[in-house]
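Naming follows writing order (A, B, C, D and E), and every chain is counted from residue 1.
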Amino acid sequence: MTKEELKNNITELLPSTTFDETGEFLNVIIASDELLPFMKTLRSKSEFDFDYLFCLTCIDLNNHLMMVYHLISKTHNHCIVIKAKITDTIKPEIESVNSIWKTAELNEDEVYDLFGVKFLNHPNLRRLFLEEDWEGYPLRKNYVDENMIKL
Amino acid sequence: MKILLSYSFSSLASKISTWLSNVISNEMLLIITKMLILGISLLAFLVVLCFFLGYMERKVAAFMEIRIGPNRVGPKGSLQIVADTVKLLFKEGLTPDASDKFLFNLAPFIVVITSMLVVAPIAYAKDFQLWDISIGVLYVSSISSMGVIGILMAGWSSSNKYSLIGAMRSGAQIVSYELSIGLSLISIVILSGSMSLSEIVQSQANGWWIFKGHIPVIISFVIFIVASTAEINRAPFDLTEAEQELTGGFHTEYSGMKFAMFLLSEYINLFVVSAIAATIFLGGWMPFHIGSLNGFNHLMDYIPSSIWFFAKTFLIIFIIMWFRWTFPRLRIDQLLNLEWKYLLPISMVNILLVTIMTIMGWHF
Amino acid sequence: MKLTGYYFTHLKEIVTEEYPENRSTLKMMDRFRGEVLIQHDEKNEHRCTGCQACEIACPNGTIKIITKQEIQADGKKKKRLEAFVYHLDMCTLCNLCIVSCPSDAIVMGQNFEHSVYDKKQLKKILNNPGSKLMEGVEE
Amino acid sequence: MEERSVKMDIKKREEKGGLSFPGQLQETPDGGFLVTKLDEAINWARSNSLWPLIFGTSCCAIEMMSAAGAKYDWSRFGFEVARASPRQADLLIVSGTIVMKMAPVLKRLYDQMPDPKYVIAMGACTISGGPFFYNSYSVVKGVDHIIPVDVYIPGCPPRPEALLHAMITMQEKIKHEAYFRKTK
Amino acid sequence: MLLEQNHITKEGEFVINMGPQHPATHGVLHLKVWLDGETIKKVEPHLGYIHRSIEKMCERLSYRQFIFTTSRMDYLSAHINNQACALVVEKALQLEVPPRAKAIRIIMAELTRLASHQLWWACMGLDLGAVTPFFYAFREREAINEIWEETCGARLTQNYIVPGGVMMDTHPNFRKRVKDVMKQIKDKAHEYEELLTGNVIFQERLKGVGYLSREDAISYGCTGPTARASGINSDIRKLFPYDGYEQIKFDEVLNSGGDCWARYLVRIEEMKQSVSIIEQLIDIIPEGDFQVKTKNVIKLPKGDFYQRVETARGELGVYIVSDGAASPYRCKFRSPNLSNLSAIPKIAEGAKIGDLVAIMATVDLVIPDIDR
């Protein structure tokens, strides 16, 4: 499917989404509580068939966090970027997509570790890279570490 | 010159013996002195032998791997192993806190002692044998399998999971391969009609068993080499140590002196196994003769018997080293499959063949 | 077994280069990056103007340039290089400083034998004592 | 602060006129002929039989493997018996970055090695944190904060020859040790 | 009793910790393995022993500088990592790289792939207990290292790529040396066959071991040779060509076996493809500039940029969020090894300890790339 077709189909599916087409891919911006059912449809509906999650990350935009999911379909060979906005920066929470794509497990652990986003229904949420007692979430913009020497 | 070379060992031994009995009158003391001299010289011989084997292994490995190998310590690097040994001697010997200290410290000694015990009945040259026991073959196969107790002890007492797995593997492996070794030895016992190693050597005066015994003996020779490689835990059967899997297996926790003992026993075992193979299948110290070519046979006789023995032994050692530096390691279930599904049935059938051959007198 | 046997018997296939023995003949490739050096000519003059371009270009703060004010003959004050401090212990030899240098003052040296017992010796001052800026570099 | 220390360094360097031998040689008391000879023999053995621990964390480990490979072949010095178990190793080549989470493991490995043990810090990351000195929240800025280091070899990664040079430097150091004599 | 005292067996469980210092984990991966005898019940990876905060560092480095930190991620594909970063900057700036630079980049990238696979082959033998292949593979690898040293100046972390091209022109000897090395690799190919591929023990160790189905491979996000051995066409060079890969003839190596043996064959075949790519290009490197001049301080326009390349281990994605400043606002590296690692617990279930080593070897992880 081309970008336009994807856009139309998704608007049909979820009228409240907004789009951003500046980049290479079609960016779909949704609210964090709509994520899981939306993702499930993207995976299961045969005209989308996004079976491959190739990048999962998070961005700290100071006043809110943005989860970014890059998806590609191995059958149709089209890509899409889903961005889920998490407005609560103190206790951020979002549904895990581990039940749809297994690769999400470690990636979500990583985001939990570095951004502090808590994933609901995650099978084994733990700090992946840092020690369990590490304070703060280093990739947040407001992270301070007195041991870190800035250049 | 000929006399000096070929009979030096036995005549030297008898000379020392007579001199000692002249000097010392007390019979008990005489025996003790003799034993001491024997023991010390054997120990020295084994240590020097291990130095040589270690050096040989490194050089063989290096040349097979298109590199030079040790060349800086001593001439052509020949003192490399001496340096290693001295270093290990002066290294701290750690005993882990969690280990069973008595067994942990005992294990390396058991391993070394058992491998040294097997050296006794080997005939090194004509008329030169420490202990001509009438059940030589039985003695060798029974004592050599006792080494596994030491290994099990080492693995268990280390209180390290890798060691434990290594020891368990070792138990399974050695117990199974013991069978094939025994059966392939029995085929020669049947042929020669004796269990004494010296008599087995004597029975090959007119031709080595590997030539006389047709295909069945060649099969049992191959089985013996394969099984004994497994028995002494060398690659491709080095599952008990398996560096990439178990970081050293049963000797993971050993350091310094105690670790050196494991290395020592490994090389002694290598020598013993090759020596036994040379004695039983390749005629021990018997020179190579071809039927009725008398000139050739005389020429061969000029080469001292001890050189014949060591040449054969080192040939087999080289083959075992060659295995090690070529093949990847087997998996534990494949290892046991190889023994129970292939080697054991084959050697059983083989024994049958040998027996029939002996009864019918088909061998030369 | 055939292959390993082949190499065992063909010792001329050995590819080892004996390092400490071949030091006299060992020559690095001409672009090899061993360490950063300031080139000095025979009059003990270098080309470094102390512009700090390399310091800015360095991704990991390896270079520290210390300048001093010097009064020229015509009475003008000018920045001059006092010390080119180079932390070899942190340098990743990435070549970004060499590329960024506008006056080609620094080059990559070929020496790689830097082993020391004391970390402090890896902090180096690259300009020779008493060295001066070469004439005509600044124009 | 930085500037002042550097200026002092310049002064010192001018006074000394450059160093010839890296580090300082310690004077050891004479222990008589026999003890000295024994010392020499032991040091000879130790310096020629440094068994490294297989311990690589990142890029430098590849150059360490190169040094073991056929072209550089560290077995010529008797270093080829790389042990997987710290109990049997003499030399810890810290090749690659050490991060906060790895530091206790490294310390433990070092403690598990029996004496005498030696450490080579290979590459910029291990000496000072190297490229990860600034702006990084998780890298240990130099392994000498965790374990004592004998020889430093800078580079990112150093050439295999440089590693061999470091090991020869290490041998030199071992040859000047005293086993039976106590240092002052 | 001793075992109970030391908590070796707890509630009938036998857990071993492979790593962080273990020869089979190729670095500092820590695998917690639950065992039943020799059979593996469960594997849990523990990471972070080489987490160097590269993503955080990139937020403070300029676009020229951040390229060089990435060569420390997957150090065996250092050049391809650099290429990915340069490409994302070029994509954002809409820079057209001169054809000469493109050709040089591809040759270097394929040399990297070759060298990386050779190292994999060396370690593969080592892991399975055959020491000798290590030395034979390193002989060829050293030859490739010499090419890099001559042209780029370093042996492992070349740092040869800058935004807009390559840092220096190729060395005058470059063409001859590359041809010599290609000839050498082709001549010695039969040794690889003889030593490992044709060895019965070796085949027994790999065939039927560590099966990964196509569906699982997609779900776990496997990439690179690991995915291609399960029959997924995942080669970025074919799917989303970059730097002129679209003009080059080569086959995407696919194998539907899904086991360790398939992964082994895919990598061996990829080496041959790399050699053929280099041979196609080496004689027709276009003349011209090797670099476009860029501004001293590179500033990217606002927006998100994603660039993917095929490293020796699979798809590397560089995701940059720019706010228009001289350094990235957020920089994420999608590592191929992390997704391949996530499949290991699935692959290893029910295997033996010895198989785990074989699985680790065929999946070929580089740990610093996972931890970043």
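As a convention for this text, a residue touches a chain if its C-beta (ideal position, glycine included) is under 8 Å from a C-beta of that chain, and two chains touch if they have at least 3 such contacts.
Note that this is a predicted model, so its numbers are computed, not measured.
When the partners of chain A are compared with those of chain C, the chains appearing in both lists are D, E. Comparing the centres of all chains, each the average of its CA atoms, the largest separation from chain A belongs to B.
Greatest Cα centroid separation from chain E: this falls to B. Central chain assignment: E. Criterion: smallest distance from chain C-alpha mean to the mean of all protein C-alpha atoms.
The mean-CA centres of chain C and chain E are about 31 angstrom from one another, to the nearest whole unit. Chain centres here are Cα averages; for chain A and chain D they lie 45 Å apart. Averaged Cα coordinates give chain A a centre that lies 64 Å from the centre of chain B.
Averaged Cα coordinates give chain A a centre that lies 25 Å from the centre of chain E. Among the residues of chain C, those touching two or more other chains are numbered 3-4, 14-16, 18, 59-61, 92-94.
Across the assembly, chain E contributes residues 22-23, 48, 51, 53, 56, 60-61, 68-69, 132, 134-136, 139, 142, 157, 195 that each touch 2 or more other chains. The multi-chain contact residues of chain B, meaning those touching 2 or more other chains, are 64-68, 243-244, 247, 325-326. By the document's touch criterion, interfaces exist between A-D, A-E, B-C, B-D, B-E, C-D, C-E, D-E.
Those residues of chain E lying in contact with chain A across their complex are 44-45, 47-48, 51, 53, 55-56, 60, 91, 216, 218-221, 223, 232-233, 239, 303-306, 308, 315, 317, 319, 321, 329-330, 332, 334, 338-339, 341-343, 346, 371.
Those residues of chain D lying in contact with chain A across their complex are 100-101, 133-138, 141.
Those residues of chain B whose C-beta lies close enough to touch chain E in the complex are 61, 64-67, 98, 100, 156-157, 159, 161-162, 164-165, 169, 235-236, 238-239, 242-247, 325-334.
Contact residues of chain A toward chain D in the complex are 129-131, 138, 143, 145, 147-151. Remark: chain C residues 14-20, 26, 34, 59-61, 64, 66, 83, 85, 87-94, 112-119, 121-123, 125, 129 touch chain D in the complex.
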